[in-house]
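Two complexes come next, and they have one chain in common, chain A, joined by chain B in the first and chain C in the second.
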Partner chain A sequence: MFQIIKNEWRFLLRSRIFLGISIGFIAILIVSVFLGNYQTQKQDQTQTNAKEHVRQQWVSIDEMNPHSAAHYGTYVFKPANLLSSLDEGVNSVTGNVLRVEGHVQNEIVHSEASQMQVVSRFGKLKSSLLLQYIVPLLLIFLAFNSVSSEKQSGRLKLLILQGAKPIQLILSKTFSVWLYGLLLLLFVIVVYGILNLQSLTSEILFRTGLFFLSYALYYFIISGLTVFFSARWQNATLALTSMLGIWILWTIFLPNVLMSSVEKWHQLPSRNEFQTAMDEDRSKGLDGHNPTDERTKALEEKVLKEYKVDSLSQLPINFDGLLMQADEDYGNKVWDKHFGNNRNVLQEQKQSFQLGGIVNPFISLQNTSMGFMASDNVHHQEFLLQVENYRRVFIKMLNDEHAFGGSKTGNWGKNADNAFFRSVPDFDYKPTQLSVVFSNYMLDLALLAFWSVLVFALILFGTKKIEIL
Partner chain B sequence: MIQINELTKKYGDATALENLNLKVGKGEIFGLLGANGAGKSTTINTLLGFINPDSGSVQINEIDTVKNAQETRKLIGYIPENVNLYPYLSGLENLDYFCKLAGLKYTKSELEEFLSTCGLETKAHAKKVSGYSKGMRQKVGIAIAYAKKAQVYLLDEPASGLDPLASNELSVLLKKLAAEGATILMASHDIFRVREVCNRIGILKNGILVKELNSQDVSANELETLYLKFMQN
Partner chain C sequence: MRSLQIFIYEWKHFTRSPFKIVALILFIVASMYGLHNGADLYEKQNNEFERLTQETETEIKTTLSYFENGKKGPDERPWVDNTQPFWAIYNAPTYAFKTPSPTIVYAIGQTEQYGFYKRINTWSNPYDADMTQEISNPERIQSGTLDFSFSILFLLPLLLLVLLYNIKGKEEEQGFLPLIFVQTGSKNWWIVSRTAFYTLLLLLVLVGVMVYGATLTNVFKANADSFWSILIYVTIYLLFWVIIYFLILKYSKSTVSNTLLMIGVWLLFAFIIPATIQQWIAIEKPTNLMVDLIDVKRDKTSEINEQSKALINRQMFELYPKLKETKTFKDTTIVRKRGGYSTNALVTIEMKNATKSIEEDNNAKNKLVETTYWINPITFFQNKLNKLTNTHYEDYESYRNAIQKSVDERTKIMVFDIWNDVTVDKEKYLEYNKTFSK
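Here is the complex of A and B:
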């Protein structure tokens, strides 16, 4: 087998067309890695600056009423992940800035896509675009003729006569083409590693390793299947047409059809429905700004009883702060219910979409690629959850200051000092743990492995039916 | 040695070979004459173990080609009408590659010796095969079989498309191989070349060996007359 692989590579290295295409493509890959890295670092720098600016504004507040500060709010930024320079996943459409304030959970804004002139699937030169769409095409063009040319030229007879077995021939040719794909992949990862040498951590290396594994498996599937078709079909055109058909089906048609179906099976409420339901549930709770509200009265009675006083003016604390927090707590429950439901639907959508990998390994590749590069929806949802948790801590601190900061009920003029605002912690994003990521994408990895075994078995058993003449 | 007994092969209703009996001994060159579709290629492919006969037996050095194709292939050198080698490799590299596939490792000088023995000029050894003529490629093809120490040579239309000089060189080479003890079966249209090279000749028509004769017994013209007579009947 080694001799056949060596001979295949001798052909590749001596073919000027192939070398020209390879050099050109490698140049494009380098540019894509550079661009991705540059964009990520630029975004990271912009966000760090903005984050510092916003924090500076916050800690510079000399004095302000805590509840006014809750309305004033602050901003949190989704950190630009170094890994996502290889695959930006959903990041370009999900946005990266979120305003944190009292009474309301805002939506994330300022997505990259919303600021682009043209948004298209093939719009940006990204490493993942080249690795997922273009490299498999290159492998197909490299492999579709590999066995049929031997057959048509009559060399196959000579090879068999010299002792080569059809299975050896097909596997060797598969490995040759696969090796080419692996080298391109390795090239991307090495350039990426060199560019980020100082920032590499064991987690980044491990995630990149899993990223490499996913692509390696997918490239084996494409290479093996193409070489098998090249051996099985009587002419190369048929092998090429079959593989291009599969490529279109896997990369363009099926993911769209499947995503649309999954969205229908597990439907998210429309924005309008969602807002109406939230407002309806919210209206059943406390209104922190309405003292005549019945539920407010009930809370008032409870607090008065607790402090064993008869009126709000006798309370040693500011009841308005408690009221605002109670309003907030109720709002949080409403948010948990509705957003929790949305998260469940999104999780169901993800799981159903993952099962699409049974018929389409490209789906598994896309999932693992985004997942291991921390640019998938799981990471995004985790970020949103952390922001919401932060918002709750943030607003509670302000409400507690309003309630227990020394003012009496109805006193909206009492301000907190600068030391208090400095004591409010900044948002600190904790990256999603690798174990969580791994458990989310083990199925995709397993499906890629399953497909690889399937293709290997196809070569192993299908080779017996291949006609030499 | 080649031994074919009562070999029959049919493709659907069409009979490619019918009760073919043939024996080619060591050091003998047998010429199989016949029109297109007469069954020459089917005979060779059966000997190569690529076609299973419907009935009858085919043996190479007394080993059955159907039951032990891997074994008999080790003994066979096959030279098709067009020896399509790897064009990006030189003649020497092609020979080296095919030898290594057969598990044979030769030094460069040994490989060059094989090529020279088979008539390829030394200055052509290192040149890429893409620049070779048909005759030169055929010499490399024979060198591959020679380096493999093939005991049986099967040639399918070897002289087709060769210029007279190359054709003559081929004849000389085949006679040399036979003199060294090789068994050679050559399928061809070329009556004159067959008459000149082969010891014995068979005329195949519609899968039936209609005539077998010693080449010494007929002149080229007589052979042509005989061949045409069989073809027209």
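Here is the complex of A and C:
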């Protein structure tokens, strides 16, 4: 079998068209990796500048009332991710700026897509665009007449007379085409690695390894299926058109239809409905029987009892700070409930979409590609969660300062000094570790593996009775 | 052989090609699915407007009840005084809607990247957080909704490819091409006639599907002109691909090379060129993180509020010279008392300056995109369709301008009524609502 693969490659390398296309395509791949990297670095610089600017404003506050500072708030800018230079995922459609302030959890705003007219329906020239859409087509073009041309020329009969088994021939042809895909893939990874040598970590290497694995499986599916059709169908044109039909269905048609459908099956609330429900829960209580007034009264009684005093004015602390923090804590519960519901719906949508991988392995590839490159919705949600956790710490520090900073209840004029504002930590984004979210991609990987086994079985059993002539 | 005969033969060939029939059916199904997606969005947005309008009416009724019962506002919020212009205007609920065009069935464009309603206040800004898109799955937004324009721009060329790919190549491979040339007299005419057959077939299908789409949202009743314009652009787009494929068929020698060339051109126009241009623009002009706007929202607002009253007044008179004619102009006590609310107007001016530079930045990106239209036809047609269906970036820019105008008007009325020391009653409150809802 190794000899057949070697021969196949010898034939391929003799073809000037093949070499020309390969060189041209490798050049485009290098450009895509380079541009992707350059754009990420530039965006990262913009993000760093904005982050430093906003932080500088915060630490420059000479003195301000802590509650005014909670309204002044701060901003978190979604960091550019080096991995996303290979697959941008959802980054261009999600917002980039999130206002962090008291009383309210804001939405992330100012997406890249909203800042200009439509250009590309399939995103930027990232490596993933070429690896997902173009490389499979190249593999189809390489494989569609691999067996049929041997049949037509009579070479297949000759090879079998020489002792080669049909199955060995077909598998060898599959592997030689697959190898071409793997080389292109490897090329992308190596160039990416060289460009980011200083930033490589075990996490990035692990993620890139899984990225490689999922593409490798998908390329095997495409190569195997095309060679199978080439062996089964009577002529090369039929094999080519069948595979092109499958390619169109898998990559253009089905993902779009399925994604639109899952959003209908598992519906998210409209923003207005969502906001109204949140406001209602916050004012009436999560159970509808614990309104704000009663909660306030209960807290007041509890604090007075704790400090063994009769009225708020006798308290050595500022009750307003405690009250605001209690309201925040309650608001956080409300947020957890409603955003939790939304996250569940998004999770259901994701799972339904992933099941689409049963009929379309391209869906599994898309999921793993952006998942392993940390640019899918799962990672976006993790980022939003980190910001919300930061907001809670940030606001609690301000409320605590208001409560225990030396002022009495009703005093809104007491300011915190610059040292306090400097002590409030800045948002420090911790990139989500793959181990935390890996379970989200197990189904995709399993489906890609299932498809690979299916195609292998198809070649193994489906080509037993192929016509040699 | 006359064209009619070629058409008849082609029809027979078509009806005996299950692959082509299935492709055509799939295209029709995808187009109708896309039309329904557009119609669903149209209905969803209109339902949301209806819901918000009802909410607005309830809010107005609640505020009116305060006037009727001699109250200034809700008991639990004693600081609210609806007899003051600031609070009455604050409690006059106003929404700016981006009303969808019935033609949205044909292209949802950038609809899902923006909010389509906004509650207006005197401190509102077109770039507020509530102007962001509806709650949705970003992975779906990223992959894009399968709307009718997607079918036209991406699936139609593929359908055409399936219908045309074996013209001439098959005959050449089977060795009877010279016979056909002898019978038809002209090689070009034979290819033109066969290509024309599929062009007409597709045109008929497109008209049928578009008319079906029109019935979903009553396009003919409201936007008949747009319907015809969309049809013209769709036809031009179809002809664009027909010409490209015809040239490939004319000069190519086999079915396989036809197919490879056709798919190659499609990949170039659908993927490579738009993706390269988008990447180039992202490098040239990185995403704006709106730092200018943030600065105005926080530091500039504080700066304005900390200015001396004299300076605030001078700025207010520059902005509204007629303030000097108000009855409280000389009453410094009132001016001092109400000045705080009036500074909103000064902040709005600063916000407008900041958003102006953002819009300019965005328009510079758009200009860059437009300079590439000549090599990027799919983006050109996509944006043309978006404009015709009022779902283009510029339509949302106009919507943002309308919001700004509404905020300006509201602020102006509030400032003058504060400076005129107007006491709001039931009639005045209703007048506010009437003015703002225009």
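Here is the rule we go by: the second predicted complex is superposed on the first by the 447 of 469 C-alpha atoms of A that agree within 3 Å, B and C clash if a C-alpha of one lies under 4 Å from a C-alpha of the other, contacts with A are read in each partner's own complex, and residues count from 1 in each chain.
Going forward, contacts are C-beta pairs under 8 Å (C-beta built on N, C-alpha and C of every residue); 3 or more make two chains touch, one makes a residue touch a chain.
Only a predicted model underlies this, so the values are computations on that prediction, with no experimental measurement involved.
Taken together in the superposed arrangement on chain A, chain B and chain C fit without clashing. Across the overlaid complexes, the C-alpha centre of chain A sees chain B and chain C at an angle of 100°, to the nearest 10. Applying the stated contact rule after C-alpha superposition, one finds that A:Gln162 touches chain B and leaves chain C untouched.
Contact with neither chain B nor chain C is seen for A:Ala446 once the two complexes are overlaid on the shared chain. Of the two partner chains, neither chain B nor chain C is touched by A:Leu385.
Once chain A of one complex is fitted onto chain A of the other, the partner contacts of A:Ser92 are limited to chain C, with no touch recorded for chain B. Of the two partner chains placed around the shared chain by superposition, chain C is the only one that A:Leu240 touches, whereas chain B remains out of contact. Touched residues of chain A, counted separately for chain B and chain C, are more numerous for C. Looking at the shared chain after the overlay, A:Ser153 reaches chain B, while chain C stays out of its contact range. After superposing both complexes on chain A, the closest C-alpha pair between chain B and chain C lies 17 Å apart.
Touching chain A in their complex are the following residues of chain C: 19, 23, 26, 30, 33, 37, 40, 44, 48, 51-52, 76, 109-110, 113-115, 117, 127, 129-146, 150, 153-155, 158, 162, 165-166, 169-170, 173, 255-256, 259-260, 263, 267, 270-272, 274-283, 286-291, 294, 298-299, 302, 361-362, 365-366, 369, 376, 378-379, 382-383, 386, 392-394, 396. Chain A meets chain C in the complex at residues 28, 32, 35-36, 38-39, 42-43, 46-47, 49-50, 53-54, 57, 72-73, 75, 77, 89-90, 92-97, 99, 106-126, 129, 133-134, 137, 141, 144-145, 236-237, 240-241, 244-245, 248, 252-253, 255-257, 259-260, 262-264, 268-272, 274, 293, 342, 346, 349-350, 353, 366, 370, 376-377, 380. The touching residues of chain B, when paired with chain A in their complex, are 45, 48, 50-51, 70, 73-74, 76, 78, 80, 82-86, 88-89, 93, 97-103, 141, 144, 148. Listing the residues of chain A that touch chain B in their complex gives 3-4, 7, 10-11, 14-15, 153-155, 157-164, 468-469.
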